[in-house]
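Below are the structure tokens for one structure; questions will follow.
Going by the order they are written in, the chains are A, B, C, D and E; count residues from 1 in each one.
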Amino acid sequence: MAEPFEPKITAFVCNWCTYAGADLTGTSRIKYQPNVRVIRLPCTGRIDFMMVLKAFTRGSDGVIISGCHPNDCHYTSGNYHARRRWMVFRDLLEFVGIDLERIIFSWVSAAEGAKWADLVNEVTSKVRALGPYRELRQLAAVGID
Amino acid sequence: MRVGYYPGCSLTGTSREFDESVRSVARALEIDLAEVPEWNCCGSSPAHMIDTTMSIALPANVLLKAKRAGLAEVLTPCAACYSRLLMGKHEIETKPATRAQVERVLGCPPGSLDELPKVLNVIEFLAQIPETIAAKVTSKFEHTVACYYGCLLVRPPKVTRFDRTEDPVEMDKLVALVGGKTIDWSFKTECCGASFSISRTSVVGRLSSKIMQDATRRHAEAIVVSCPMCHSNLDLRRREINRRMEKPTLIPVLFITQVIGLALGLSEKRLGLKRHFVPVKLPAKTLPAQVVS
Amino acid sequence: MARVGVFVCHCGENIAGTVDVAAVAKAALDMPGVVHAVDYKYMCSDPGQTLLKDAIKEKKLDGVVVAACSPRMHEPTFRRAAEEAGINPFLCEMANLREHCSWVHDKGAATTEKAIDLVRLQVEKVKRDRPLQPIRVPITKKALVLGGGIAGIQAALDIANSGNPVLLVEKSPSIGGHMSQLSETFPTLDCSQCILTPRMVEVARHPLITLYTYSELEKLDGFIGNFKATIRRKARKIDEKLCNGCGVCQQKCPVKKIPDEFNEGLSFRPAIYVPFPQAVPNKPVIDVKNCTYYKTGKCKACEKLCPTKAIRFDQEDIVEVHDVGAVVLATGFKTMPVGNFSEYGYGKLKDVIDGMKFERLASASGPTGGAIRRPSDGKEPQHVVFIACAGSRDRLKGVPYCSKVCCMYTAKHAMLYRHKVHGGQATVFYMDIRSAGKNYDEFVRRAIEEDGVKYVRGRVSRVYEEDGQLVVKGADTLLGAEPVEIRADMVVLATAVQAQNDAEELAQKLHVSYDPYKFFAEAHPKLRPVETNTAGVFLAGACQAPRDIPETVAQASGAAVKVAGLFSQPTLTREPIIAVVDRQPPPVFSSCVGCFLCKSACPYQAIEEEVIKNRNGDVLKVVAKVNPGLCQGCGTCVSTCRTKAIDLEGFSNEQVFAELMCI
Amino acid sequence: MEALQTKAKELLAAGTVQVAIGYGKGTGNARRPLFVTKPERAADLIVDAACTQNLATYLTKHEVRVMGRMAVVAVPSTLRSILQLAAEKQIREEQVLALAVIDGQVRELATFEAIEEAVATIPDAMSEADRNMIDKLSAMSVPERRAFWADELVRCVKCYACRASCPMCYCERCTTDVNRPQWIPVASHAVGNLEYHVMRAMHLAGRCVECGTCGKACPVGIPVHLLTIYAEDSVRRQFGQRGGASAKLDYAMSTFKPDDKEEFIR
Amino acid sequence: MGQPDTVTQMHDTAPDAPRVRCFAVKKGTNRRPIGAYFSQSEGRTLTPEKYMSCHHESPSARHSLAARLKEVGEVDVADCYQCGKCTAGCPAAEEMDVAPSQILRLLQTESPKHEKRALESMSIWLCIGCETCVTRCPQEVDLPRAMDILRQESLARNVANRAADDIVAFHKAFLHSIERSGRVFEFGMIGDYKLRTGHLFQDLGAAPSMFLKGKMSLLPHGGGSKREVGRMFARARAAKKESQP
């Protein structure tokens, strides 16, 4: 029987809150599924929508985007800018037919180790249920050969 | 204005006067009391003492009947029934295992115990309509009394969510509304001995005498209660109490609905004032001259 | 071709216990550009670091990936080691195999495979790192200390004595804080006024300390070394220069019935008042809410009688902006109000008081001149009950933590009471005595053994009034939890220490995080207790957690030395992780089209307009330029720029792209 | 039409402008841009319903700018483009003079405030076809919409005509031209096209004046203008800001309000 | 607190604090009893006895009273740090042989010797159920619920304190009256109580005035849907038999 499908999740996280929260998950030894690959960026303001698109077209089945809670941003307003972009970007993706179930936006603070573990577990099992992102893969295959 | 009514066993027996006064005050205030059809006993203390399952099933059955009779709110004068109905509802809402067990014991389909009616004690209910009461006062109840709440009305606060736990004031407000004066005393919520009235009367004597001692020291002319158990311990067991008091006392014990009834000019007979063991004699301001049926 | 070295750390068993470190090292060797891969038990140890340095020298590596713990932990360590080995420190990256892998996943192939992926991510990143030089930023060598209690005073003095100017801002009309309200202090019983007043005077007279009382911080902009603090100096309605502190206005002011905050409401004060006799500055302030002039426009008694004509009714608040290089938070604590205790009478019982009120009773400068009197009838109480843990260690009241100082001051109160009222009986209800300081336990034993204070182990369930006395219903758990009923004349609650009411609001102004109880959060509970996560903002005293005076003073000096250390360097070296706008040879000069959408995105206003002119002065192009001093490296501009003209060092588009490629 | 021609002739003759950009006759009844520098050629200028291409594109082109001050025949969306270009510091007031054509009659607008007032009065008229196309697409389910756009975008040959025709795509080096890293694949395969078109829509969100020129410019007839219009509509719906409303920068994507409302962030 | 320091998984306590699940030595709300931890730890075969000091000989913890309290009544005796506030406020504490806080202490050790003392105590019967203790408990331990379960356990094991016979008799008479007539028929209930306890002449003096004042009637008044209530009691008893091992 083919190897069971293990989703590939990419996570774009901000260094000051969510990455530190993930560190706390580590020091608290709270287990979560190993499907996530974390890309550390200084702030959610640094997350470019191109990166999210590239993560999907490159083979990720799900993307987590997480940073500091509003008003807690180390750089004062990075997360506010990010939030605005996500609001428009999400509308556009839905308009173009990308499955929004596979993108999860969140705020995880440096003290919320458990929340990070729950987030990863929840996203991983949800995306595992959704299965591999076949639609985008087919799109990728079209027109190349 | 229509509201569900659950008298409970005491109000059909040892505390009939509480039931009579509630009904006559309600009639005077044009409130339609719709008694819960075929209501059963709430189990009071003995049920939760030795049979937890029944202590939840019995009140649940009452509330289920009220819900099926289309009653959104149930007025429960007796503090013990009020506490048991609320506790039953709380256990069903917060613990799925208990809910399933109760559904099996009642033999009712799952989901029938959702949105059970709201439970109100008599003070909470009357406090909702102060203007209607004030408008109908014919002869002010000009006496100084001690308002005794007992323990089950205000405890446990997470479930009853009624008034201030350690120093409640709602009954005091009602008495003031009808012209009375209330003393500030320290035994408003100390326990009177509740269900030990028969099986451990000495406990009731000890606790109730402390309550009576503080009230008499502060020159209260009467004790006003809103619970049949407290009433019978302070009234029926007066001999036990007086044996432990510095000076025996004969100040009467009235239900809050009787006080309000008097202010509304209702007769002694309609309020069941004759049924008390300690005769209801109030100093100076005697009962109102004209008697309105 | 890159020459990258990968160093996989076992971290004892922390990583090796779950991840097959040898396999990771072997897999790393096959990654393009990796010429050296090895695993070692403790990379962060000295032998580990020498191993790294030798490898860099021998193999002439131009990039290092250390696969160990979180970069937030040891990135500086390994970057310093790389620098000592001769390569640019910013060509060193860390893969987090501990917190993000071994500690959170079970042993197995998937975990090791993830570890290899994490290493590959960092290898691709390090190959695209550029050598960077740290940025030198000028520092404003002036400190701002918020809060004029003992913490603020100590911090201000230490910073000033290190030769740096200090702006001390205190919200109330005088410095001194809670300590100035205390009678004597444990464990030495020396009077707090005697040890505090000299320090307060020293602050007032110190040439390098500017004292702003009756003032508050409105806004803080900028970043470490370059803060801009907006301070609102509330109008005292007095001209401080003219006033000589003669006190005529206070005697003559007709409004007498305002409860005196300093004496916790035990006495009254006029509408124009000096908080307490030894106040610094010893200048009165007009309480606008209660002054008749501001209500009805009449009176003006103080203005008429003031010998130096110092009253200024129309004085306005002044708002000033100060350049400061560092901020010390020393805003102190508050105690839980007695009204919170429903079971002890909701604050209605006059003789149920809190510790601070007892301090004022016992204080020689207090309303009763040090005599212990009942607030209700002024009589001397013959039996006083002290209740420890009033609100503390009480999940129901939302304060599950121990307030640390109450055991000590309760013993002190009992001792003072026994000294002042010889016939009096003192009973203390406690759960556990926590007297862990120097000479602390001996102090408590003295109260028990020499001063005859009765200690009863058990909590009080209720206090109620009966016949003018207070009935205290407690229990003695050492006597088989036997109920105890005491008829006392006065009850003193050792109420919980809590954060100030405006702590959350202040924390958000400074971007400092705080815990669920609104105490400010330190950078690291053990290793960096006086710093916060916001560089340049330091902590001192009870605003961080309940704390007694010795610890507060020690922490204040700690914060002061951090500030002094920051100011000791000529400039501040900062990580060169900043944004850079690309430059190209003429005639293009830069791919930036000058739309300046990035400028409005930058929280630090670090983007300036650079005009490019040709030889004879006409403008060719206006392009963006990043001021390295102001840029904090958040990268918001980089993702706003449509032409990708601006990029962030250390997290460049290429690097993120490369990381994405190997997922 | 004549009023425009006489106006252009006067301006050119008086030398207030060095070039007048308008529409001329194209092959058949098509219209194409016309650059008039001599007063006597002003008669070739035409204005009628077929003139819809957004001429503001040429205001940022070096070849045109070097001619001197430019007068431009401006349909409403062109006016908005001018304001947005001004907000993004691409043109200065003295470089341009707008010959606004609103409901047939011509008005000369020399200052940005004048243009702002004129723009404020014009209701933004999205064409009927576009409106019900967007409604149709919105009504579709996600898989249907994906299929629709997959079929459309696979036909894109990456000629970048849409980019060339858009006045707001004035960048000298576009992200597509960046090859370190190569965000947008050069080849015209379906995924690369999707990334390109989503990127273009995101780059125009909050800046697009909904003139629809990009849709018309596409040689293979992909309704790409729907993407940018939808993105712009999303910005307006959520933040109340829009492209081409004023000469002062008010760009939604680089400003924020602390209390922007959303419900999808956990 | 003689509890050996162990490493076990539990939740942080403050209601609004971030839920930090951590392997740290810290008290928490629903901390698993020690026995259960040992028996589940993978790999190493640890027998509970090896680690428990002889002072608390622990049965296998699965059916200790503390474990049952946690499961059935969601009462975690480990939360109690013996501050004595419940005893201080309890109206019946003076007459109790084992103070309320001591009852919890007896359950915390999970040793049969101490559990026996709790079940055989007079205290559990003197508890009036006035909810004062849980109202003021700083650790929010639901002691009334614990007392309910202890009383029923004491009756189930037939070890109830003989001095409490009157109280037990009253409760049984009360419930019996409900079972038979759906409501409490006071006269019948008091008769039943007297037969069970033999106090035939108690309160005889008050009887006549009770009837005269209409507070007591010789016949039960119907309407209590007694058949339905009877069936409820039967079903409850059947369910209890199933669940008993």
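Quick note on the criterion: contacts are C-beta pairs under 8 Å (C-beta built on N, C-alpha and C of every residue); 3 or more make two chains touch, one makes a residue touch a chain.
All values derive from a computational prediction rather than experimental measurement.
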Would you pick out the chains that touch chain B and also touch chain C? E
Reference chain A; chain at largest CA-centroid distance: B
Going by CA means, which chain is nearest the middle of everything shown? C
More C-beta pairs touching across which pair, C-E or C-D? C-E
Quick check: how many Å separate the C-alpha centres of chain C and chain D? 52
Provide the C-alpha centroid distance between chain A and chain D, rounded to the nearest whole angstrom. 34
If you average the Cα atoms of chain B and of chain E to get two centres, how far apart are those centres in Å? 26
Whole-angstrom distance, CA centroid of chain B to CA centroid of chain D, is 77
Check: chain C positions touching at least 2 other chains come out as 343, 462, 515, 601, 640, 653, 657
Where in chain E do residues touch two or more other chains at once? 18, 132
Touching two or more other chains, which residues of chain A qualify? 29-30, 49, 54, 71, 77, 81, 85, 109, 111
Where on chain C does chain A make contact in their complex? 70-73, 96, 98-101, 103-106, 110-111, 114, 117-118, 121, 508, 511, 513, 515, 521, 533-534, 577, 601, 603-604, 632-636, 638-640, 648, 651, 653, 656-657, 659-661, 663
Chain E touches which residues of chain C in the complex? 343, 389, 393-398, 400, 431, 457-462, 473-477, 480-484, 515-517
Contact set on chain A toward chain D in their complex: 49-50, 53-54, 57, 70-71, 77, 80-81, 83-100, 104-107, 119, 135-136, 139-140, 142-144
Could you pull out which chain A residues touch chain C in their complex? 6, 8, 10, 15-16, 19-20, 22-23, 25-27, 29-34, 37-43, 45-49, 51, 54-55, 58-60, 71-78, 81-82, 85, 109-111, 117
Residue numbers of chain B touching chain E in their complex, please. 9, 12-16, 38-41, 43-55, 57-58, 61, 95, 101, 104-107, 151-152, 155-157, 165, 190-191, 193-196, 198-200, 203, 207, 236, 274-277
